[in-house]
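Following are the structures in question.
One chain, subunit A, links the two complexes that follow: it is found with subunit B in the first and with subunit C in the second.
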Partner chain A sequence: MYYDNFVLPFTIGLITLLVYLCVRYYKWIRSFPKIDRIKIRRGLFSRKTLVSIKEIFMESLLHHKIFKTNPVLGYMHMTFAFGWFLLIIFGKIESMVYHTSAFNPPYFAIFFRYFHPAKETFPGSETFAFIMDLILSFLLLGILLAVIKRFYSKMFGMKRTTKQRPYDLLVLTVLWLIFPARFIAESFSSGINGGGSFLTHSAGEFFATFLPLRNLSYGAWWTYSSLLGLFFLLLPFSRYMHIPTEIVYIFLKNWGVEQRKQYNGFSEIQTNACSRCGICINTCQLNNSCDIKDTQPVYFLRRLRNHEDFSVQSENCLLCGRCEAACPVGINLNAIRLSTRPDLTRVTKETYAYIKPKAQAETPAKVAYFAGCMSHLTPGIIRSMQEIFDKAKVNYTFIDEEEGVCCGRPQAICGNWKAAKVLMDRNQERIESSGAEILVTSCPICYKTFKEDYTLKIKIMHHTEYIDMLLQEGKLPLHKNDLKTVFHNPCELGRGCGVVDAPNHVLEQVSQRIPTRYDGKNSLCCGGSLANTVIDSQQKTKISTDTVKAYSAYQPDVIVTACPLCKKTLGKTSTSVPVKDIAEIVAAS
Partner chain B sequence: MHTVIIIGGGPAGCEAAYQLASDGIQVHLIEKNNETGGNLNNWYQLFPDRKNAQDLNKRLQEQLNHPGITLHLGMEPSRVEKDGQGRFSVSLSDGSLLEGDALLVATGFKTFDAKRKEEYGYGIYENVVTSVDLENMFRNHAIRTSKGDVPRRIGIIHCVGSRDEKVCNFHCSKLCCITGVKQAIELREMLPESEIFCFYMDMRMFGPGYEEMYREAQEKYNIKFIRGRLSEAAENREHQVQVKVEDTLLGRPLRVTLDLMVLLVGMEASNETQGMARELGVKLAPSGFILPLDPHYGNNLTGEKGVFITGCCSAPMNLTDTLNDARSAAVCITRYLNMK
Partner chain C sequence: MNFWGFNISETRSINYDTNDKDMLIHVLQEVPSCKLCIECGGCTAGCTAGRLTSFNIRKLQMFMKRGENKEIREELHKCMLCGKCILVCPRGVDTRKMILSMMKYIKNNQK
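This part shows the complex of A and B:
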């Protein structure tokens, strides 16, 4: 029997951790709405599970997405995760080959060098020793990078790294010490008995020259086991909870579990799946333009996890989704933030009692056009859309020409879903009464809520998509001109609804579109977001000024966008370059 | 003998030039247009006495026929330099060079570009005009809609581009309130049958006779003042302007159809004011106007020695204050030159 008391800290730690995790995940999953639990049951034995396993390999181990954002940072995360994984796998294989049985206790593989007498050889023992040393050196290099990153984050292309709490720093230190401890324990054993390979063997010989290894070796193994045990015990309460939780999250996500309006167990799982890599800090314009450093997802989620006050952070977000697009774990950051917004408004159903049902039904037409409140503040956009409809001879009805009812999203993003529902029902009724086949809107904010929260059975298009369709069908005659344009994709359109290609197609056909690094889902926020109720108008202006500066650097004749709110917000600070809507560019060509 | 270079030939520049010349100082007055008067050229009648604006303009012009004043019309300063002795040399757009012992900036204001407030439809709807356009209509004695009809209902919108953080202007332009009252009365006189509304946030009647004029507008001229800011405007098929506004005194939303909508555009620092501030290294206030050294003791002084300011380049001012400010600047400059 291979046993020594020093394996106890490791074993106790591991068992406690596993029991804790099982209970935790079970409780969280049990709190899911029924529909999501059914999805798990259906997904469990489907192809989705295989897809998840592949994703776990790519993301949890190789960290492929972090690699794409930042190769050095990706390498650091990979050495830790993949290195440790390989160490466990090869260690286990090695122990199985030696023991010729799969059923050895978990600690046996971990502390193999202690239990295995160096003079005993087994098939491939030297190769194994070499591989294990190679992986260990790979891991030690990763730790070196991590230490460097903590002190010189700029080297990793990050303006800022995550600021950790003292407790997290303690766990971080424990983690950092595990592998050096293993290295020392194995080296000392090798120094006494021989064995090991290029790393531990050489180090062992070196240590033996000046250290009383016989007295130190046993203590070194105790230290190694204790550090592992301590790490396992501290893990659930530290950010390293992300390691097991991310795996669970990937499965659940692929099986189709969704983040809904309420904050539930699935939100908790995502909150715990955040590795606090800090990528979101550098994408956040509140950080870059306004120097606000406590509201980025990494800090917001930490507050949620630790049950600290998050009321300000919950509201202090533009919901632009830049962090969500950059998040390597793919956490539904916007939806989680939204789910924590309490309903602070006093708007009730009665507030809207003055909105009377329209006297006559909508004029029946093929296309229903809903401009949206913000478009009524930018009549240039409405005028252009009317021209486009006329030019393409479209049979349309203008739903909110005389009397508009808000789409409901501004209420919803402030947490007031009840008030939003009243407005939504009213609009839905109007749109349906037109009998239209397509609903076209000029406002991405309306567009998103029409698609996600309404139950309309007709095709819903933003005007960029609609114009693109008209152009493809050849219904809209146009002329390309020499106007140099850059496109500012509105948050709700590009990242929010995935409309990326249509506006680019359109602009390429009517103008000389200059590609920018902010194209598609990398677009900036204009600063006019309705979602942030914390920052003041001057801070919003600062964001807007910086955004205009970023686009102006490409020296366009005009900054083109596809959202009335973006147009107004960018227009107020862009005094030298005009800001226009894509519909205005098309109508004028 | 000392020489002063004045940049800007509006009322402030003209009055300061005359005052300085009367004190025996040689003056170079630079004006970018081919006539002096600046924004005053666009005005028909002045408040509070309804004087013809061109009478004042003419008087200011006549004062310039002083032997001590050299006019440089149609010129702009392309470069300003200061030497070690505190003398200024100003290169003009035609290449000539002026030298002076002090510099007076009187580059004034520009009216807010109403197109930036797109929701009001200026430049998009046919029957939306600015207060400047309306003065021009007064001069031509023709208040007509785009179709040539007499407008039956006219709305005057206050605070367009002033006190509006949505266009990054936090300041009050001060004069639009009384301009609105004056224009409403003028409209009433020309169109006795029409309905006239003023939509305002606050009525700021700061000058002598202004409050009286405001009262008269209500009692004698039957102008309807509604406290509420315009939210949006749309154009109907007849090219009338339909406005949505909330009457905040009654707490009721209103919808009014107007035949003509007048936007009381606010004041912003002119491009020349901002350009001169950059060129001379003079500080700007957050409003974009030049920041005086001290709001009480040094409102004609800047941080740069020998550089003085007057008139609307430092803040919106009515003509009374502008002319006073010009005289005050002349006193400051004379004292500065005598101490040199």
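This part shows the complex of A and C:
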């Protein structure tokens, strides 16, 4: 039997960690709503599980998405995750080949070089020694990069590295020490007994020239084992909880579990799956334009995890979704933020009782047009849409021409779901009584909530999609002109609802669209978002000014957007370049 | 006793000593931009809720500043939080945040 007391810290740490994780995940999953637990049961033995395994390989080990954002950062994360993984796998294979049995205690593979008398060879022992040394050198290089990153984060294309608590720094140090400790322990053993390969063998010979290795080697193994054990014990309370949690999250996500309106166990799992890579810091315009550095998901989620006060951070967010689109773990950042906003309303029979239902339409029109509250402040958009409907000879009815009702999303994004629900129900009745087959709206905020929160059975389109459809069907006469345009995709439309191609198609057909690096889901927020109730009007103006600057750099004749709120906000700060809605461009062509 | 079939308006004198300025203090702390209001009424003119019912956000702000909170408690829930009023305001008052802050105050100081 291969055993020595020094394996105890490692073994105890590992067992404690595994038991703790099982209990924790079980508790979280038990708090899911029933429908999500059923989804897990259904998904367990389906193709989704295989998809998840592939995704875990690509993301948790190779960190393919971080690679795409930032190769150096990706390499660093990959060496850690994939390197350690390979070390474990090859170590296990090596020990199995040597021992000719799959059943050896877990510590045996980890401390193989201690138990294996180096002079005794076995099939492929040289190759194994070489591979293990190679992986170890990759890992050591990764640590070197990590240390450098801590001090020179610019090199990684990041303006700042994530700020840490003292506890996290302790765990970080332990993690960084693990592999150097392994290196030292293995080289010392090699210096005494031989064995190892290019790295540990040469290092062993070198150390042997001036160190009393016989006295030091045993202590080095104790150190290595203790560091591992300590790391396992500290892990659940540190950021490294993201390693196991991300794996669990990928499974749950693929099985169809959703982030709902309430903050529940699934939110906790996502909160813990954040690796604090810091990518969200640099995408956030509150950071870049207003120098607000405590509200980005990495900090917000940390507050949630550590049970610190997060009431301000919860509200201090545009819900623009730029961080969510960039997050390599794919956490539902907007939904989580929203779930932490308290409901301030108390709903009674009186609530919005003044909204009277509309009479059923006698001859239903084909299309119902819902401009949205904000569009009434930009009459140009409404006029253009009416022109377009007329040109295409569409039989339409204007739902909120007079006495419109708010779609309810502005209430919802403040957490006031109860009042929002009343508005939604009232509005839905009005829309349904029109008898139309298609609902067209000019406001992406309304559009998102019509699609996600209403239970309308008719087709819902944003006017960009509708115009695109009219053009494709040849119902709208077209005149391409020389106007140079850039398209600012509103947050709620592009990232929020995935409408990316339609506006681009339309603009390409009526103008000279200049592609920008902010196209599609990379668009910038106009700053006017109703979701942020913390920043003041100067800060909003700052964001909007920076956004206008970014788009104007492409020297367009006009900045085109597709949202009345964006148009208003950008229009206020854009002094040299006019800001227009896509409907206005189409109507004028 | 109303003998004549019409009412006499209540007295409009404001007693600044007895009125309740607590809500105002709370709201001004959270939304300092309220101090900029010139009572132009733009917010009310564009108000979505105001088109459907008698709801006057300019008046509610004025009441708050006078420390007369009764009507605010009765009326505020009519607002839809649509945010149109922010865009209309020429003085940059964050009216929507003011309303949220009033709501919070009312919720926390339930009578």
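Just so it is clear, the second predicted complex is superposed on the first by the 578 of 589 C-alpha atoms of A that agree within 3 Å, B and C clash if a C-alpha of one lies under 4 Å from a C-alpha of the other, contacts with A are read in each partner's own complex, and residues count from 1 in each chain.
Keep this in mind: a contact is a pair of C-beta atoms (placed from the backbone, for glycine too) under 8 Å apart; a residue touches a chain by one contact, two chains touch by 3 or more.
Worth saying up front: this structure is predicted, and the values here are computed from it rather than measured.
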**Message:** Once both complexes are superposed via subunit A, do subunit B and subunit C end up clashing or fitting?
**Reply:** clash
**Request:** Determine, under the contact definition given at the top, whether A:Thr573 touches first (subunit B), second (subunit C), both, or neither.
**Result:** first
**Request:** Examine A:Gly380 and indicate which partner it touches, taking first as subunit B and second as subunit C; both and neither are also allowed.
**Result:** first
**Request:** Check the residue A:Ser537 against both partner chains and state whether it touches subunit B (first), subunit C (second), both, or neither.
**Result:** both
**Prompt:** Which partner does A:Phe151 reach: the first (subunit B), the second (subunit C), both, or neither?
**Reply:** neither
**Request:** For A:Glu350, select first, second, both or neither according to whether it touches subunit B, subunit C, the two together, or no partner.
**Result:** second
**Message:** By the touch definition at the top of the document, which applies to A:Cys406: first (subunit B), second (subunit C), both, or neither?
**Reply:** second
**Item:** Chain touching more of subunit A, residue-wise (subunit B, subunit C)
**Value:** C
**Prompt:** Just which bits of subunit A does subunit B share with subunit C as contact spots?
**Reply:** 376-377, 537, 568
**Complete:** In the complex, subunit B touches subunit A at residues 116, 118-119, 121, 124-125, 165-168, 232-235
**Prompt:** What residues on subunit A touch subunit B, complex-wise?
**Reply:** 376-380, 383, 401, 537-538, 541, 567-568, 571-573
**Complete:** In the complex, the residues of subunit A that touch subunit C are 344-346, 350-352, 354-356, 373-374, 376-377, 402-406, 408, 410-411, 414, 416, 419, 423, 528, 530, 533, 536-537, 565, 568
**Item:** List of subunit C residues in touch with subunit A within their complex
**Value:** 32-33, 46, 48-49, 51-53, 77-78, 80-84, 87-88, 92, 94, 96-97, 100, 103-104, 107
